[in-house]
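Both complexes below contain chain A, partnered by chain B and then by chain C.
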Partner chain A sequence: MSKARYLPLLLLLLPPFYLDLFWLQAGLFVMAAAIGAIGLNLLTGSTGQLSMGHSFFLAVGAYGYVYFAGDETDDLTGLGLPPLLAVVCAVALAGLAGLAFSPIAGRLSGVYLGIASLALIFLGQHVLFNVHDVTGGYNGRAVPPMEAFGFAFDGTGDVVVLGIAFGALEKLWFLGLLLLGLAALFALGVLKGRPGRAMNLIRDQQTAAGVLGIPVARTRAAVFTLSSMYAGLGGVLLALTFQRAVPDYFGMLLALDYLAMIVIGGLGSVSGAVIGATFVTLLPQLLTRYSDALPLVAPTGTGGVSPSDAARYLYGAAVVGIVLFLPAGLRGLRIPSLTPRKESTP
Partner chain B sequence: MKIRNMVAGIAVLAVTATACSGKSTEGGDGTGADGVKTGPGVSADKITLGALTDLTGVYATLGKSITQAQQLYFDELNAAGGVCGRDVEILVRDHGYDVQKAVTAYTEVQPKVAGLPQVIGSPVMAAIAANVATDKLLTIPAAWPSALLKAPYVQIVGSTYEIEMINGIDFLLKEKGIKSGDKIGHVYFEGEYGESALAGSKYAAEKAGLKIVEQRIKPTDTDMTSQVSALKAEGVKAILISAGPRQSASLAGVAAAGGFMVPILSNNPGYSPQLLETAAKPALEANFHLITAAYPNDSKEPGMTSLVSAYEKKHPGEPLDGGVTFGYISALVFGEALKKACDAKDLTREGIYKAHQSQSAFDSKGLMPPLDFSKQGDVGTRVSLIQKPDAKVKGGLTAEAGPFTADAAAAYTFE
Partner chain C sequence: MTRLIELLINGLSLGSVYALIALGFVVIFRATEVVNFAHASLLLLGGYVTAVLHDDLGFLGGLAVGVLAAAAAGALIELVLLRRAKARRDVVAIATIGIDIVLMAELSRRLGTSVMSLGDPWQDRVVVLGGVTIAQTRVAALVVAAVLIALFLLAFKYTPWGVSMRAVAEDSETSALMGIRLGRISMSAWAVAGALAAVAAVFITAFPTPGLDRTSSIAALKAFPAAILGGLDSVTGALVGGLLIGVTEALVGGYQNDLTFLGRGLGDVAPYVVMIVILLVRPSGLFGTREVSRV
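And now, the complex of A and B:
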């Protein structure tokens, strides 16, 4: 019976058959954000290390994929690898970037790391704008579609499943679900096992962790690397959904969004990261889309509170409300049938 | 056992329910009762167009002006009976200059519209350009880089930043006493806007034997002190600027404060009438010139006077700026394309684009010089006008030179 409560997850297979492209795309953005947020939550929520540089690693993943899978053209370089291999390489590249930063990540703790990692964003933005051959400069670069075992995840091929024509987003939906599922399972494994306990102890009592024989600096560095690999994978999925990688997007605001996700969802857990990613990614889109229907809102272009302003106010109010009234994040909002109370370890 | 039953149940439900999913019946092109072929965005009594605008981000003022001006045009069009007996309405989506939001908004709006008369932001335009081509949507961007000339279904209304700069340098040579061998500075934004403009200024400088001193800046740089002192040290005789209004004001103000009185020429996005309420006003009035393809708001052309009075009546107290003129013209271009498509009884997306391309001498009733939309990959016009700030007139700009086309601009080829 205990496994039966995971069955509703099967419903996630249905949207491509019913929802229109807007919803599918929004869902894919959520999945990409969720993968990145799980990674950040491992670092910030579970290990207590603040990172402001998450969008840098997302960019490394996204542009890594574009570079490895992209073809050589007049003004762009690319290796033209098979896309599946390119994904693996892109995630590895993000991991390497994280590893390169890990001597700093291992030594600094908490807010100091946050400030140090902020530098990554500015560095990243400068590089992204100026390495034209790889990133396409200010205007970005088209993302080659995913392809695995002869099956292309794009609009070609006239795939029809159960009477529904499958385009790029429908196909990507299943890929996204698979990646998110694997990412979540792996993170759960890490958190439940010895590394998870070590991470939590480093967060709560750094000295005690050291006394118990936990290599504090090395664990921090390892978690930072793992978290950047998660960001890399999220970046790849983001790029595939966008179909174009634009440097401007991977800025400071994106990093703040990711921090908002894990705080809103609930620090230190996988489900919190997923819930937070859903909230932060979906709410502004929904508010913008349905803003015309909100009360007390003037139609665009007539003065007064415009729908887009109203959407912003509501989003801000929701964030403030959650932080005020749900200190454990949205995850703390328990639905009894879905979340049985756990025995808390003393 | 129970689990297996549930799985089987869900699977059966899924398979049977997809049969009644709304997605399986694809809506496509059809023919209306009046014999007009219709596509997405066109119903029996309505034509829906989309606008991806910025009402909350860095270009919020521009976005508001363009949106209001386009709404004004379509209101007038509907009052005059609409197109093919159908009212035209705009679906406005604000992206706040955020590419992700813009891409999402595009995906949402795309199936519901027949075209996009407004897209703000060159990164936004770049992100959706490939989809615009597959979806065959006639799109008018509020940006003028030459890279967009190559994009199918995207129509630049006006000239490009290159052409503006080439004509601007011609103006310097003829009116401001700049001669071969002189140095001129060029302050430009990194990215497509600045690079496009720089390509033009370098081309014109080479033709005229001038030397360009480059100063690249970021959109976040608003203090031009170091750029001005660098250019002063180089001894430049004039400064070109391809940036936003705040950078223009800082550049003019700092230069004048240091007694560095040289002419300053800016691309069309580099000015807004609000600058005349700042401390930079005297410096702007003394040295600043705007290069644009549109007539100023105080022009006596019949199209402009009626636009100004209609806009002021509808939005009293709101500033008149280049966005109003551009918004109205781009809506006009779209409206004329729709009318032509209606005459050909083909309101599909393909039909609208074809009708648009049939216009080789588009008359904007004196808002802009005649525009030629028939040559894909080329600009609508190579004519520029030079204007200078004037606080006493509507729109804060008054004509100084032109319309004219420099020989170098006429000869320029886009790669």
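And now, the complex of A and C:
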């Protein structure tokens, strides 16, 4: 197929010129979630290793960035590094955290790892709430804005492009797109090459993989580390979008959300992770925005089914429905008029 | 010294409750090879039904309906999800997370910020024995859990149901050929697990815990490390793991004032640390079958 089918992706450059801030922020959440979900999908979808600890690594990325880039104040510590360097350090830190877990990640298979990685969530929450001077404790900590090569990704400076004033979110949009694009390309490269085939074989036939000379434990540990670096990068973007990092957010529910994303989108594929992240992240936002127009959904705080609850029912049910009826996820949905018929091989 | 004894007894009692939950978890895994991530929300469901009905039906009546509700929910999950899903078993495990998300969202919406009592007859009374003070609920938990576990083990060993359950765990294809109805076995496993979880809910939420609220499921989650450190496919493992986790939690929680350099709320984290340490030494748990592949 020609490269022309990738052209519609250029449309993603347009939103900052047309959409309001609400949608730009929602879009940035989607991008951050998509980066994290791509990482989790490499681990769970392609290698068959379940992880419930993904939100822990998101937290490491987010707080790593805040710590490295943040300034020293009365009750908070920070190194005050240049933000770009801080991003690299934060991702490396998340990778190191993943590597530190590798004695477990390499030896346990599948669901066993899933339960063991529950420990990361609870340990992580414990540490986040107790290391006050890094995380700011219960109330969290403000996130220093991104800055690269003298260009600040915040509301300062009068940047006007084609008559649109660019604030923090507009600028971050392009940064997010760039990061997501790079993350997706890298994951595609991993999946297409030898590592990807090794990972799939470990998932399907662990013994055969070992017999063929694939170092099973080492590969599992490496994929776990890679996926935690993806989570770290996603965490950084998440923190930049939120502009405040709160420990409570990185709990068990977030980890479950990421698992829901990759199942809904499609296990083991990059596009699946992106589709799932879009679905799970946008659904609550959509329901919140239009809650007064929807039946059965009441605005938050009025006692009825709140938009975020309604979203949970929907994507929880979507997970079950997709496992039952659409094993390839939403990605596996084919719209006949848009999809070319596959050449049948004789 | 009395403090240590008190803590140990509390730990054993808590551990026996965890063992009860972990037992159900292991039974499901043995019968269907699926890890049930919705187990904590089954427990919350049983507890919630009991809490709502105990005013009208009395404690035992409410509990009976709660147990039935959790058992029915378990059986329903088996009927709707497990029986139809053709996906890999670990993907089905993720699907139970979907069920967990829905059940948990609904139950925590209904609970809101309220703390409900399950109306147990022991309330906050204590027993004093030779200077050692123990809450009656803790004694009751120990006794009830011991009786239920003993009953379960006997049934597992001697009844036709238990024998077929073990046969299915050993080799499901052969046992199907021998005339064992696989669907019935796995459905009953899910129902039994749900019922055990509902009973455990009473003791998870009873004194000294304030009652059933949306965080009760966090306590129930500690049965996961209990099950896996004993070995997911071992009934003995679930019992030992549960007791180990319970005693650890009680001891660390009791002495946390001497351990403040590690931060507050250490009792809730300690079970997971123990799990990690044990898994580092024995990746398939204390009593789990080691994965051996012959080529």
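Keep in mind that, in the parts below, the second predicted complex is superposed on the first by the 302 of 346 C-alpha atoms of A that agree within 3 Å, B and C clash if a C-alpha of one lies under 4 Å from a C-alpha of the other, contacts with A are read in each partner's own complex, and residues count from 1 in each chain.
Basically, contacts are C-beta pairs under 8 Å (C-beta built on N, C-alpha and C of every residue); 3 or more make two chains touch, one makes a residue touch a chain.
Note that the coordinates shown come from a computational prediction; the quantities given were computed from them, not determined experimentally.
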Q) First (chain B), second (chain C), both or neither: which does A:312 touch? A) both
Q.
In the overlaid three-chain picture, which partner chain does A:10 touch, first (chain B) or second (chain C), both, or neither?
A. first
Q: Applying the touch criterion given at the start, work out whether A:100 contacts chain B, chain C, both or neither, answering first, second, both or neither.
A: neither
Q: Using the touch definition from the top, say if A:20 reaches chain B (first), chain C (second), both or neither.
A: first
Q: Using the superposition on chain A described above, determine whether A:148 touches chain B (first), chain C (second), both, or neither.
A: neither
Q: Please work out whether A:85 is in contact with chain B alone, chain C alone, both, or neither, and reply first, second, both or neither.
A: neither
Q. When the two structures are overlaid on chain A, which partner does A:242 contact: first (chain B), second (chain C), both, or neither?
A. first
**Q.** chain B versus chain C as contact partner of A:263, first or second or both or neither
**A.** second
Q.
Touch test for A:182: chain B only (first), chain C only (second), both, or neither?
A. neither
Q.
Quick check on my understanding: which residues of chain A belong to both its chain B contact set and its chain C contact set?
A. 129, 306, 309, 312
Q.
Under the definition above, what is the set of chain B residues touching chain A in their complex?
A. 2-3, 6-7, 10, 14-15, 17-19, 21-24, 26, 55-56, 64, 67-68, 71, 92-94, 96, 98-101, 103-105, 107-108, 110-111, 122-123, 126-127, 130-131, 134, 147, 190-192, 195, 315
Q.
Quick check: in the complex, which residue numbers of chain C touch chain A?
A. 35, 37, 80-81, 84-88, 90-95, 97-102, 104-106, 109, 218, 221, 224-225, 227-228, 232, 263-266, 268-269, 272-273, 275-276, 279-280, 283-284, 291, 293, 295
Q.
Going by the contact rule set out above, which residues of chain A touch chain B in the complex?
A. 1, 3-4, 7, 10-11, 13-14, 17-22, 25-26, 29, 129, 137-140, 142, 155, 162-165, 242-244, 246, 248-249, 253, 284-285, 288-289, 300-301, 303, 306-309, 312
Q. Can you list the residues on chain A that touch chain C in the complex?
A. 44, 48, 50, 103-104, 107-112, 114-116, 118-119, 122-123, 126-127, 129-130, 206-207, 210-211, 252, 256, 259-260, 263, 267, 305-306, 309, 312-313, 315-320, 323-324, 327
